[in-house]
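Chains here go by letter, A, B, C and D, matching the order in which they are written, and residues are numbered from 1 within each.
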Amino acid sequence: MAYIDGYRLASSRVLDLAQPMRTGMPQSANHPPFRVILERRHGDYVRGDGGSAADEVIVTSGHIGTHVDALGHVSHNGVAHGGVAASAIQGYRGLSSLGIENFTPYLGRAVVLDVARLHGVDVLPAGYEITADDLSRAEALAGSDVRSGEAVLIGTGWSRLWDQYDVFTGLRAGVPGPGPDAAYWLASRRVRVVGGESLAFERIGPGLGETTYPVHRILLVEAGINIVETMRLHELLDSGCGECLLILAPLPIVGATGAPVRPLAVIPG
Amino acid sequence: MAYIDGYRLASSRVLDLAQPMRTGMPQSANHPPFRVILERRHGDYVRGDGGSAADEVIVTSGHIGTHVDALGHVSHNGVAHGGVAASAIQGYRGLSSLGIENFTPYLGRAVVLDVARLHGVDVLPAGYEITADDLSRAEALAGSDVRSGEAVLIGTGWSRLWDQYDVFTGLRAGVPGPGPDAAYWLASRRVRVVGGESLAFERIGPGLGETTYPVHRILLVEAGINIVETMRLHELLDSGCGECLLILAPLPIVGATGAPVRPLAVIPG
Amino acid sequence: MAYIDGYRLASSRVLDLAQPMRTGMPQSANHPPFRVILERRHGDYVRGDGGSAADEVIVTSGHIGTHVDALGHVSHNGVAHGGVAASAIQGYRGLSSLGIENFTPYLGRAVVLDVARLHGVDVLPAGYEITADDLSRAEALAGSDVRSGEAVLIGTGWSRLWDQYDVFTGLRAGVPGPGPDAAYWLASRRVRVVGGESLAFERIGPGLGETTYPVHRILLVEAGINIVETMRLHELLDSGCGECLLILAPLPIVGATGAPVRPLAVIPG
Amino acid sequence: MAYIDGYRLASSRVLDLAQPMRTGMPQSANHPPFRVILERRHGDYVRGDGGSAADEVIVTSGHIGTHVDALGHVSHNGVAHGGVAASAIQGYRGLSSLGIENFTPYLGRAVVLDVARLHGVDVLPAGYEITADDLSRAEALAGSDVRSGEAVLIGTGWSRLWDQYDVFTGLRAGVPGPGPDAAYWLASRRVRVVGGESLAFERIGPGLGETTYPVHRILLVEAGINIVETMRLHELLDSGCGECLLILAPLPIVGATGAPVRPLAVIPG
């Protein structure tokens, strides 16, 4: 029993980094609308012993709610990560390689780069582009080194706006996020996975919609770094912790280009 | 950084306790067949910068693959856990109380009660009923006390049969699982959550199908103990560990009667 | 062969009264978004003889596109058509009575009441309420009597706006449609089925959304008259025909509250 | 009014040629299981005026229940009807050409080639291969010429077995249907559309499953003749009519490789 007690569970705090999933939640228009439908209800069918059950049908996507992008989600000029022809790895069973089942669950350190706090705000302005310089200064602020093979969570405060559909999706005013040089900064640190709070881990300009995704290209295709999107980071940001123990285990959907996940952060209690 | 290093990540081993999810995997006939469909493929739409993406539609249920049953999943004589009328908490938005979003992610000790090992087999026979006595003896074998508020995982070895659809579903020969007195044993220990390897955390007799679910009634309705089903425990059983650090964070689907989960076990490396 | 030739097919014209169904078409927000997803594509799987097939998954509703409402679609104060308690006829298999499978395909006369033409316009104004007087005058204009057991199609010209999503759904400006006294007029004629061009066979006021559905109550619950919605009538209106042979055979989805249909009108060629 | 009365509706009989659609009905394993789920039920939401509605979600395919195959459903060696490269006409919006929306609703003569009656049986044996000679003799029996541009319905009696899932799907014993030379016979007559009673308009041998589809290739790819499958013809066969007026208007699902349909036959009353 000493083994488990050594994990200092009693003196730790566990934070939920996933947004609640429900019909009508903010999501990208590219994906099928998330929908939960109660199919059988209590009383519909009652067994001889008086027992009855309710259950639902769920229509979702690998890119709805808090989720992890598989490396094979994006291609560039027909080529996916590792130089594979994208057309060669896709079929009616999904991706034959680079699918989300290849993402080994992550249990390890995550450095929290709180760019909002760096700029003295709760939420970065819509359309703000996070730069490499922002990340360097946020790293100093965190007091924790970004290391190869580990995770980075970038704070924009955007998850605070989850309940404001139009603001969160940012179709009009845009969404803050990393620009290409921030992506190269992350790639140069050889991290394993990065996470953010908005629908897409990109800076979206006002009124532009999601026209290009340079950060997806740099991270997924070029650097082989998985991306976590739509994370609920605000509680972690409020804690002021520069790092946390991150637990990130997406559903093992074979061949999927992404999968929902309920990440947890463990911090001192 | 000392905080995270204190978690002894370097000397721990992380086990994946979820079965892989794919179209055609074993599941209960009560639920909609799991299906993943690649909707957009690479090349379907190519942006001006050469970028393209693939993504899918997923049709699933809260009770497919490795998943956690919400307390409101089952009722008895019209009454759900806590004496609530089941008809009063269900609607087109799902459950208004007792839904899976009320399950706080669990990060804590799990005692492994390996009943298969107790009987000197890799896999318990189809239709075998686990008794309270089995659990008491398996607890002694584990060398770890089952405590109030914690988790219990029951080993039958059944997860080794995942790739044998007909055997795993057990429609003909049955499935091993706890009987009512084993359920009362678990309830008396006031655990928070219990997990097993088969489709339903029940003993299914040969040829009987899933006629009654006494264990669901005892645990969910009477005792308020959540159930994890279809866990991939065999690797944990093979480790011989009597306990592990269990991480159990089901998708936070609001109003759902259950939700998919990818549980992890952490054991000494 | 004389039998078929007697149908004067050579001298008749067949009009398509259904709107084309595609992802993103106008629909009520109450229903799951219509979606067609190509699952298998040519080349995904090629048989030994060189053959390959493509097919799709379709997520729809009984109330999307051109469709027929079953009598059991709507209830009033808990009571459905014929005085049945609505709660007694619904379950996880759908409606046990009053479902769309009880609608015998209709092949017979339909009188065309062109209220738009009556008012000298191509399309009635958004929010216009059709009155009983409108219907009486449109009947005179048609030169064809509305008879018991037959069909009535009401022309508003609204189907001309199908390609203008925001206008067609009318969330801001409203939608023209029958008011309660027009519904009573139809009920008094004891017709079997009535059809219109907008999403709901109701007058929707500007900015009101779909707050109440008096016409559904009068026709479905009280009078037992089925309703066809979202019909593509403009070509028929343009023909100037006061009546047509209507063929109306909705999909026989057992227990459904409505079903898609592709109605045809046959008029002199 | 004389126009409609000229259609001799009073002295005609309308037969329903569609099988009822419900969860669990026989279907090909290639397609997503048909499922109807009541989403909102009466009483879930009651408006201020006492009104309430029930509606459903439907998961289906273009090839489930009685349906019409689009010409683009099948390809051979990568080529679809008209010599088009199959890869060039498919995308995430479905087929850009040869989709079911290109099938103009058919209202015209259908000759009934009752091969079962020809052989003096109600239902042809499982695995029976219909030959060109069968069709020629059945045409003589029908007393009605198969003409260019018209429809042919082939009677096997198989629709009588709809309620026997295992027999109807024929996975073990096979299914009767046309062989290649019957298909060439149909192609040589330049008909517009052909229909049959089983899941696939093919002869399926015992235990072979659906290994090859030569008839689909000949009719769809080579001859450009649409196929209607899973028709409920037995009532028409029992009528003894050698021809009927066939009304065949599949749902106009844009880009789909097939679509459900509720065909009607009109015969002398």
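What we mean here is this: a residue touches a chain if its C-beta (ideal position, glycine included) is under 8 Å from a C-beta of that chain, and two chains touch if they have at least 3 such contacts.
Small disclaimer: the values here were computed from a predicted structure and weren't measured.
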Same or different: do the copies chain B and chain C touch each other through matching residue numbers, with over half of them shared? same
Centroid of chain B to centroid of chain C, CA atoms only: how many Å? 46
Taking each chain's centre as the mean of its CA atoms, chain A sits from chain B at a distance in Å of 24
Spell out, as numbers or ranges, the residues of chain B touching 2 or more other chains. 32, 35, 37-41, 57, 59, 91-92
Among line, ring, star, complete and other, which best matches the way these chains touch? complete
Per the touch rule above, chain A residues touching chain B in the complex are 1, 3-4, 6-9, 14, 16, 18-23, 30-32, 36-43, 47-63, 65, 72-78, 80, 86-87, 90-95, 101, 105, 107-109, 144-145, 211-214, 216-217, 243-245, 247, 249-258, 260-264, 266-268
For the complex, give me every residue of chain C touching chain A. 32-33, 35, 37, 39-41, 44-45, 59, 91-92
Inside the complex, what are the residues of chain B that reach chain C? 35, 37-39, 41, 57, 59
